[in-house]
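Next come two complexes, and both contain chain A; in the first it sits with chain B, in the second with chain C.
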Partner chain A sequence: MLVLPLAICWFSAVGLAILDGRRPTVAWTAVGALTAAFASIIVLATDVISGQPQQVVAGGWLPGVGIVLRADALGILFAIVSLGVLLAALLFETLGGVRSRSFPSLVMFLATGLTGLFLTGDAFNFYVFFEISMIASYVLTAYGEERRQLRAAAIFAVVNLLGSVLFLIAIAALYHITGRLDLFGIGARITEVPSRTVVLSAALVFVAFSVKLGLFPFHFWLAAVYTGTRPAVAAILSGAVANIGAYGLLRFGAELLPRELGFSSPALLVIGSASILYGGLQALSRNTLPEVLAYSSIGQAGYILLALGIGEQVGYSAAVLFAIVNSLNKGLLFLSENLRGWLVGAAFAVGGFSVAGVPPAAGFVSKAALFRAGIAEGSVLLIILIFLGGALSFIYMLRSYQRRFWVPEAPPDGQPAAHGSSPLRVRAIVVALALLVIALGVWPEPLLALSRDAAAVLPPVSVESAR
Partner chain B sequence: MTLVLAFSIAVMFGAGAYLLLKHDLIRVVAGMVLISNAANLFIMSAGLSKGSAAIYPLPEDGSVSDPLVQAMTLTAIVISFGVSALLLSLVYRVYQTHRSVDIEQLAVAEEVETRQREEAVAEAEEEVPVAEEEEMALAERGANPVPVSVSESEDR
Partner chain C sequence: MTIMSRHVARLLLAPTWMVALAVMIKGYADTGDGFSAGIIASLGVLLQYLVVGTRETTQLLPVRYAREAAQFGLLIALLVTFIPVLWGDPILTHYPRPGESVTHLGTLELLTAVLFDVGVFLLVLGVATGVIDLIARSRERRPT
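Moving on to the complex of A and B:
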């Protein structure tokens, strides 16, 4: 059962690679395969969340010797959200017309990498799946193959490759220190080692995932890439690939290196705050919608780090919740970027409200969780900062809504497709995402319970004891 | 032995980082290759031992090396090989479309295209009613790109 989603994605990716993805039948096959993988993940999730984490050891070795695939609430939750965003983006592009023969196959490879990454229990396999998904997304960034996309892909590939290499070095160092590669074993042994030997690897892990997430001092690649790529790819990058960063920080930071996370928490809070303010102010000063959304992503990444810096169960569950809602928001907003029509306007408004944290949308729930974490930390400064970030995002989302949907006729980029409304089928996806965001906001209990389950996977101790 | 290895990793990583800061994209790729290989050496150094074979059934006498680091390095070599090929093909596509692999010239192109987009947005806000006029304006700008000095692009 655990291997099924991975196998579906992998085999269909390889099979689709030799077919011409521009033909509708091929693209629809990819949609079908991804739906099947998504469904099997959900079936797996019902098992995992109601009962114990599931585990498969490759080749019948003993656990700890063989390579482990492991599904717990944290991983499976991220897998569901990432595959969901991928599915929406693939469907969007299939309905709108795929432009290159490799697109469906690449999305499936990305799905393989992401599923594997969220379901692996082995540090080196984490790196391998990480690279599979990153390589697929380097090529996806170039999708469209115009000048801008190629430039964006070159920047994206070089910067993120450096991040991957740093992560690889960190894994080698952790192996050198603990002699284990399975995440459980590393976590168990790392506490026996004096902290000063681990701190360098912890810093490397942090930098590697921050680059993925696009946090403030490591954000420089993000704006050019998110604005340069096509909307569907931007939605994939910010809605699915960026989840690697959030998940990696939670898994490696909170589970494997809780001590280091504990004593670096002031630094995390400072970097997170800087990221929120920088992203918000830059987004406010930008004129085109993709740029606003790109800088908004930097700001939103800051919240995740803030929640992580607060620590404890309340902080971790806020981080999980925020990462999930944020990827839905960004998927929705980037997909509706180039569409027109009042339905899209409404969907965009829902996404905007969600980013700003206004009640009917899911963003409110995640902001509320953050406030709760801030109150638990007992810091007035943090609460003011969260509020300020929310106010900034409200202003920039309102402004871009105004620019985008209150201008008459003349389209901003002069694309022919922008005249009148976009096809109903394409708009339906955006509307469905918007309805999902509202539904999660109106009835947040399942999501809250899931995020609590996910945070319960992480060790509850340590942050306080380390201080 | 360990010191020599550490030193060579440092030199490779440093040289790679230096190349990464160059303006020529080909050198950037070369820098990435060097850095990936420094990482490979680093993995090897995580289980460093001298003179023993890395074989699982433990021999009666003597020791074995850790086979796991070698397996990991092999995987990492394959991955970095694939990524380098991908990077090179990407750079080639950039060269095909821009006739240049100089980062500064790419930045100038980015600047020009961004400015065009922003002007299009500004015009849309000022309500230019006839689409044909706008198309003509776009065509004009395409013919004479907005001159951007190199120093400006460096400021960014």
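Moving on to the complex of A and C:
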């Protein structure tokens, strides 16, 4: 059961690579395969969340000798969200007409990488699946193959290859220190090592995942890439691929290196705050929608770091919740970027409200969880900062909504054709995503329970005691 | 290129592949595997491109099937990985299992692990050759 989603994604990726993805039948086959993988992940999730984590050791070796595939509540939750956003983006592009023969196959390769990454229990395999998904996303960024997409792909590939190398060095260092590559073994042995030996690897892991997530001092690639790519790919990058950063920080930071996470908590809070303010202010000063969304992503990544810096179960579950809601928001907003019609306007408004944390959108639930974590930490400054960040994002989302949907664009040569609505079937995806965001905001109980289950996977080391 | 280097490059192709094959087979008792074998074999191909030139190399070697080789190799490796799941074994279970009798071909033991390495070999060789060919062609189109 554990290997089924991985097998579906991988075989269909290889199979589709031979075929011409521009043909509708091929694209629809990819949609079918991804739906099957998504369904099997959900079936797996019902087993994992209600019962015990599932584990398979490759080749039937002993655990610790063979490579481990492992599904627990944290990994499976991220896998569901990422595959869901991928499915929405693939469906969006299929309905709108795929423009390149490799697009469906690349999406499936990306799905393979992400599924493997979230369901592996082995640090080196984490790196391998990480690279599979990153290489697929480098090529996906160039999708459209115009000058600006190629430029975006070049920037994305160079910066993120540096991040990957840092991560590989960190894994090698962890292996050198502990003599183990399975996450469980590393976590068990790392506490016996003096902290100063581990701190360099911990810093490398932090930088590698921050680059991926687009946090403030490591964000410089993000705006150029998100504005350069096509909307569907931007939705994939910010809704699915950025999850690697959040998941990696939780898995490696909170599970493997809780001690180092504990004493670097002030630094995390500072970087997170800087990211929130920088992203918010930059988004406020930008005029085009893709730029606003790109800088907004930087700000939103700051909240995840803030929650991680607060630590403990309440902080971790807020981080999980925020990462999930954020990827839904960004998927919705990037997909509705170029569409027209009042339905899209309404969907965009829902996404904007969700980013700002206004009820009844799901963003409110995640902001509330952050407030709760801030109160648990007992810091007035943090609560003011979260409120300020929310106010900033409310202003910039409202401004871009007005500019995008209220101001009638001057027709370039008097043609009214530019004002027609986009095809209904394309808009339906955006509307469905918006309804999902509202549904999760109105009835948040399942999502809250899931994020608590996911945070319960991480060791309950309190930050205070680690200090 | 001098006639000397051309001949040496041609002559080196077969031994390079022989070494690649040896590295792959040795992998079951000594250092080596399909990945490094694929790298060595594609180094042999790279030497031809550098010395003989793109046009003659593409005439000499079936470079145009690089893409198919990579896909076929990946497919073999994936099948070896996932097929044991069909009868309830974990992924990447290799047959015959430890302790069971193995068919020998000289010193080579015929395991499914060999098939997996052949897949990896084809994948690496196909991708590396494809990339070399792509770069060589793009240089030829735009002479510097």
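Everything below uses one rule, namely that the second predicted complex is superposed on the first by the 455 of 467 C-alpha atoms of A that agree within 3 Å, B and C clash if a C-alpha of one lies under 4 Å from a C-alpha of the other, contacts with A are read in each partner's own complex, and residues count from 1 in each chain.
Just so it is clear, contacts are C-beta pairs under 8 Å (C-beta built on N, C-alpha and C of every residue); 3 or more make two chains touch, one makes a residue touch a chain.
Keep in mind that what you see is a predicted model, and the values were worked out from it rather than measured.
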>> If we overlay the two complexes on their shared chain A, which of chain B and chain C does A:Ile438 touch? Say first, second, both or neither.
In response: neither
> So, A:Tyr175: does it touch chain B (first), chain C (second), both, or neither?
Replying inline: first
>> Going by the contact rule set out at the top, does A:Ala17 touch chain B (first), chain C (second), both, or neither?
In response: second
> Does chain A have more residues touched by chain B or by chain C?
Replying inline: B
> If you stack the two complexes on chain A, which partner ends up touching A:Leu284: first (chain B), second (chain C), both, or neither?
Replying inline: neither
>> I'd like to know which partner A:Ala153 touches here: chain B for first, chain C for second, both or neither.
In response: first
> In the superposed arrangement, which partner chain does A:Gly59 touch: chain B (first), chain C (second), both, or neither?
Replying inline: second
> Touch check for A:Leu388: first (chain B), second (chain C), both, or neither?
Replying inline: neither
>> Looking at A:Leu162, would you say it contacts chain B, chain C, both, or neither? Reply first, second, both or neither.
In response: first
> First (chain B), second (chain C), both or neither: which does A:Glu145 touch?
Replying inline: first
>> Please report the chain A residues shared by its interface with chain B and its interface with chain C.
In response: none
> Which residues, counting only chain A, touch chain C once they are in their complex?
Replying inline: 3, 7, 10-11, 14, 17-18, 56-60, 66-67, 69
>> Which residues of chain C touch chain A once you look at their complex with the stated criterion?
In response: 71, 74-75, 78, 82, 85, 89-94
>> For the complex, give me every residue of chain B touching chain A.
In response: 20, 25, 28, 32, 35-36, 39, 42-43, 45-47, 68-69, 72, 75-76, 79, 82-83, 86-87, 90-91, 93-94, 97-98, 106, 109-110, 113, 117-118, 120-125, 127-129, 131, 134-135, 138
> Which part of chain A faces chain B closely enough to touch in the complex?
Replying inline: 124, 127-128, 131, 135, 138-139, 142, 145-148, 150-151, 153-154, 157-158, 161-162, 165, 168-169, 172-173, 175-176, 181, 224, 287-288, 403, 407-414
